[in-house]
Amino acid sequence: MKRGPSSSQRIGILTGGGDCPGLNPAIRGCVLRALDHGWECVGILEGWKGLIEGHSTPLGIAEVDDLMGRGGTILRTSRTNPYKKEGAVARCLATIKRLRLGALVAMGGEDTLGVAARLFKDYRLKVVGVPKTMDNDLSATDYTFGFDSAVTIAVEAAERLKDTGRSHRRIMILEVMGRHAGWVALYTALASGADGVLIPEEPVSLSSLVADLRAVYRRRQTALLIISEGVSLPDKKAAAGREGGGQEALDEFGHMLLKERGTGEQIADYLEQETGIETRVAVIGHIQRGGPPTVFDRILAVRTGVKAIDFIAEGQFGQMVAVQGTKLVGVPLAKATGQLKLVSQDWLALIRALQK
Amino acid sequence: MKRGPSSSQRIGILTGGGDCPGLNPAIRGCVLRALDHGWECVGILEGWKGLIEGHSTPLGIAEVDDLMGRGGTILRTSRTNPYKKEGAVARCLATIKRLRLGALVAMGGEDTLGVAARLFKDYRLKVVGVPKTMDNDLSATDYTFGFDSAVTIAVEAAERLKDTGRSHRRIMILEVMGRHAGWVALYTALASGADGVLIPEEPVSLSSLVADLRAVYRRRQTALLIISEGVSLPDKKAAAGREGGGQEALDEFGHMLLKERGTGEQIADYLEQETGIETRVAVIGHIQRGGPPTVFDRILAVRTGVKAIDFIAEGQFGQMVAVQGTKLVGVPLAKATGQLKLVSQDWLALIRALQK
Amino acid sequence: MKRGPSSSQRIGILTGGGDCPGLNPAIRGCVLRALDHGWECVGILEGWKGLIEGHSTPLGIAEVDDLMGRGGTILRTSRTNPYKKEGAVARCLATIKRLRLGALVAMGGEDTLGVAARLFKDYRLKVVGVPKTMDNDLSATDYTFGFDSAVTIAVEAAERLKDTGRSHRRIMILEVMGRHAGWVALYTALASGADGVLIPEEPVSLSSLVADLRAVYRRRQTALLIISEGVSLPDKKAAAGREGGGQEALDEFGHMLLKERGTGEQIADYLEQETGIETRVAVIGHIQRGGPPTVFDRILAVRTGVKAIDFIAEGQFGQMVAVQGTKLVGVPLAKATGQLKLVSQDWLALIRALQK
Amino acid sequence: MKRGPSSSQRIGILTGGGDCPGLNPAIRGCVLRALDHGWECVGILEGWKGLIEGHSTPLGIAEVDDLMGRGGTILRTSRTNPYKKEGAVARCLATIKRLRLGALVAMGGEDTLGVAARLFKDYRLKVVGVPKTMDNDLSATDYTFGFDSAVTIAVEAAERLKDTGRSHRRIMILEVMGRHAGWVALYTALASGADGVLIPEEPVSLSSLVADLRAVYRRRQTALLIISEGVSLPDKKAAAGREGGGQEALDEFGHMLLKERGTGEQIADYLEQETGIETRVAVIGHIQRGGPPTVFDRILAVRTGVKAIDFIAEGQFGQMVAVQGTKLVGVPLAKATGQLKLVSQDWLALIRALQK
């Protein structure tokens, strides 16, 4: 029940970028904590777009009463960037003034937080950032909420594929989210006990993939491969260097790459052709985004929301709430969004130890 | 503990076609019930293929102790049809003789049961059929196990899509299984409260689909559409007849159809173009097959397995175990596989009543 | 879009008795179907209590938009019986008149429907009943919604207990709902592959229970027993007749019965003492009631809700919507609630076949 | 693929104390990592008991192939303590010699690790500890596997109770695990958005509990309270000091305490009596132990298992694998088990902020 420096003010909250499980608990954390300071919260609808267009909604205790288990974001979201629209930044500032917002909590990924960083830098906007990314690729924080939920859904899918793989003696492939970083694929592979994983951070060696899966298949008559959507396949020329595949196979593979097909399907075709083993692929896609957050994400998100209000109370603006170990700390927004957190050598060593 | 006509015999069990949740409980039902008659069960591996090649495995109480919650089939499966392989039928009969099988339980869909029907007709093979299809399209039985599990997985996916749809104000499309019959799509739409459903049984009217979704969208700022993989889109010429779309749109849509893309994606592109509303699609694919069976499927499957043995004990061969109301009854295999059960007018009326 | 006999009217909907998954989908079914007739729905709050006290709420499309996956009942519920309160029946009739209700849909179990039956008989009230009981013990219908969801939760719990039982080599007992009928226990036992089940319909033979579990334990080093809360233990005198237990054991067991402990705990103590095997019990209790309905319950419930409105349109009052096979039919309310549906010999034979 | 100091040896693995989700993935981590060193693993059955009695089982790749999603422990467990049995320590050492174990991995809680610490101290036993406790109350590590899974199950139960609470306008109480530390109750309350939580670390003020729940109830017509099994109620004398309850109420409450009833039920009775609001309690008990581990627990457990083998390779004996932030580090076993980690002021402040 401690009091902040300002005895009464309004806090704006917005969520930007792709939706993910945890945003609602984070909103709840903000709203309930703000009450301790006697502050009122206002929801800005659809991210920065709502600030540009002046769309807002009251956020009281009734609105956040039942948010812990709800996926998505009640404030809705968009990818609108005010710095990419003529006059939009000025309109954001005008809305803040009109709504008499004493401070702003911006929840989102690299883009949303990038705008927050710039508004803080350019206008000393009293903004605090709450990071969210299902890919877990923000370098300034150990974990972001949404990630554990995304992996949990992917692992359930992987386990279903295993049943089918065993029954039909197939190689099963699951393509999961992760454009630049392979965390989702890596964790999914670890947690489902998969036999292989392809991530953007590592060059794909098709020949060693074939050899590994063949070895597994000999033992178990099935195999499971997890791949990141962002994995890049070797081009035809690179592929030509590999051992054990004739020119014909290469030509066909080259042909495949020409067709507009998903990475998963291309790899499935290739594996089936090289190994003679029936191979099927599933793409989890948007199914991975929604649904109730896991306990881990709920706790992380609600703590983060509370902390964002504490930062405001302490006058710590231009910061993002980051988790380091069991603690929540502040990281300057400018630093927070600069660098991608890629899968490190430690984790690669771990996954290799577990894929025999 | 009643005794069958034969005081001691061996029963062969095989599973063919696509795997589905419920096969393992059905196997368990057979094996445990056979013990009441003092009979021994033998697993034939990979459907008819195992009978052709003579691959079998013992099936005692230990093998079925923990099968109620396990997806797939421990006997593995294949799509091999002995009637399509030179000399294969004779080899099936030889295996039956060599393994001294007094009777055979064949679990599978139209193809597997079709082979059983023919072997019964041609050779009076002592066979009993256990139907299984995730599509629920066998006309001789009210329900087949696997269907409830498949719909349950699809509904979970649909609910995740709703979170994202609401957050981003999008139309979300989920493409589910169902090549010829739309039961999975229909039940998924009913159980998830979807705003529209496209099934193979009904001609798709793109213009009324657009109108319906627009109306829903006005009210809720999001919409959910479920489609069967087997739905057929109107061709360009047919599409030309519709109201409200210019020539340009038609040309683009015709162009889309040329590309090798899934039905869901084609419809998503079309809707986005016609309505101006962001539209995303997810294809559930193989994720829908595996996983632990639901309670409904477990009970139905284990009862069916027990009944199959009872049929053998009563000398009722050439029959399939069908469910009618709360009862399990016998249906001649010849009849069982002839006709597809399509979504009826009653159900179409129901779904229309619920989509406002 | 067919029209009923009355071109415009208001339909009251109430839910009484214990809450269960499926009530909300049933409400949705009513409200959306009523729109086809141009009718308006009104929610009566907390069952008959709301009718007595005149508490109601509007029920339009927005209120039922997102009800398919929601447990409990948005109309709330109570066990109030107007026939047991002085002047309450008259007040119910007055509320109906004041709210200008053309007809009433009463959703509930034996008590709620019993009141509906009496109001129909005494005052020709235009009422249609929608049955709901987690115990599945209404004789006039094959299934009631809520049951499949309750069993699903119990089976999840049972599977968790199996892990612990195996790890500690224990006998695990799960006590589930079912005061008078053992359907929940029976289905839970079937679907989880339990080694024993005690239901109210069968006299408990402690000596044969001990013998059966000992046999299972020898094979698997663990055992799982499901019991109905309503199971009645043999008294001391009856227990004295059993073989193999000394006077001391009997005395201790008699002593146990004196203490106010749950049936599950009493049986656990007895089994541990007789077999020397560590035995633990879990009581699922209220955890079994809530949560999202299963697909089976959603479909059954929403269909039942739609059918209730169809009955009103057809002037079929004093009826309950029952499921028989795949069809929904009408059963006179007077008959519907008279007799309990107990577990039949068929099912007992089935469970015996599966517990070896 | 790095090599340890010993080119070939056998590693014993045992699991002791209560079973919990994560033990199987941890075993898998050990076995697969040991292969990198060319080492063989041997499972010691039922914790220290197996070492005393010489019961072991081979642990190769086939045994751990499908362990990531499996609850409990395939090595089984017991609470046997060799230091409490005459001659048992000597027999442990003899078994180690007979099985030619080069090192031992002991997985368990305070008791199991306490024995490991003493064997290391007394005999320089080459032992590495892997901590496991569902209560999360080991002070030397940020998290232990099993905890996230336990909370996840409790949160599901809490959400089911909320449906019933809302429908019946009741106060619902969920009693969860946690004898000495309230972490499970605290996390369950946070993640389910509960309105109150009672933990062993804080003295229970019944009067302020009543006041808080009354305030919540006024707003929402329902309330959810989570309590630790280990919470201690104020005795009659203490209770007498509270405001607002008459002597009669106190007497009745004192009477309640005399009966052998669970803490949850006592509190339920008290609340119902003081507030006049229907109150129901559910005790999660053993249901909370089993089931598939969550993703968080799987990853933590498998990493911990791998690290235990790395410690052996590095000759770091007498250590427990602890998690600190994102890193796994070694902590001397002697220190690891000394002190209970209790819920800290930070967390109490957080939960207070979220319960309005």
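Odds and ends about this structure:
Going in written order, the chains are labelled A, B, C and D, and every chain counts its residues from 1.
Keep in mind that, in the parts below, a contact is a pair of C-beta atoms (placed from the backbone, for glycine too) under 8 Å apart; a residue touches a chain by one contact, two chains touch by 3 or more.
Quantities reported herein were computed from a predicted structural model and do not represent experimental measurements.
Counting steps between touching chains, the shortest path from chain B to chain D takes 2. When the contact pairs of A-D are matched by residue number across A-B, C-D or B-C, over half of them reappear in B-C.
Averaging C-alpha coordinates per chain and comparing to chain D, the farthest chain turns out to be B.
Averaged C-alpha coordinates put the centre of chain B at 30 Å from the centre of chain C. Our note on geometry: chain C versus chain D, Cα centroid distance of 34 Å, whole angstroms.
Distance between chain A and chain C, defined via averaged C-alpha coordinates, is recorded as 42 Å. Counting partners per residue, chain C has 159 as the residues that reach two or more other chains. Going by the touch rule set out above, the chain pairs that meet are A-B, A-D, B-C, C-D. Across the interface of their complex, chain C is touched by residues 28-29, 32-33, 35-36, 61-62, 65-69, 142, 148, 151-152, 155, 159, 187, 190-193, 219-220, 294-296, 298-299, 302-303, 306, 324-326, 350, 352-354, 356 of chain B. Chain B makes touch with chain A in their complex at residues 15, 18-19, 21, 23, 46, 70-73, 76-78, 153, 156-157, 159-164, 166-169, 172, 259-261, 280-291.
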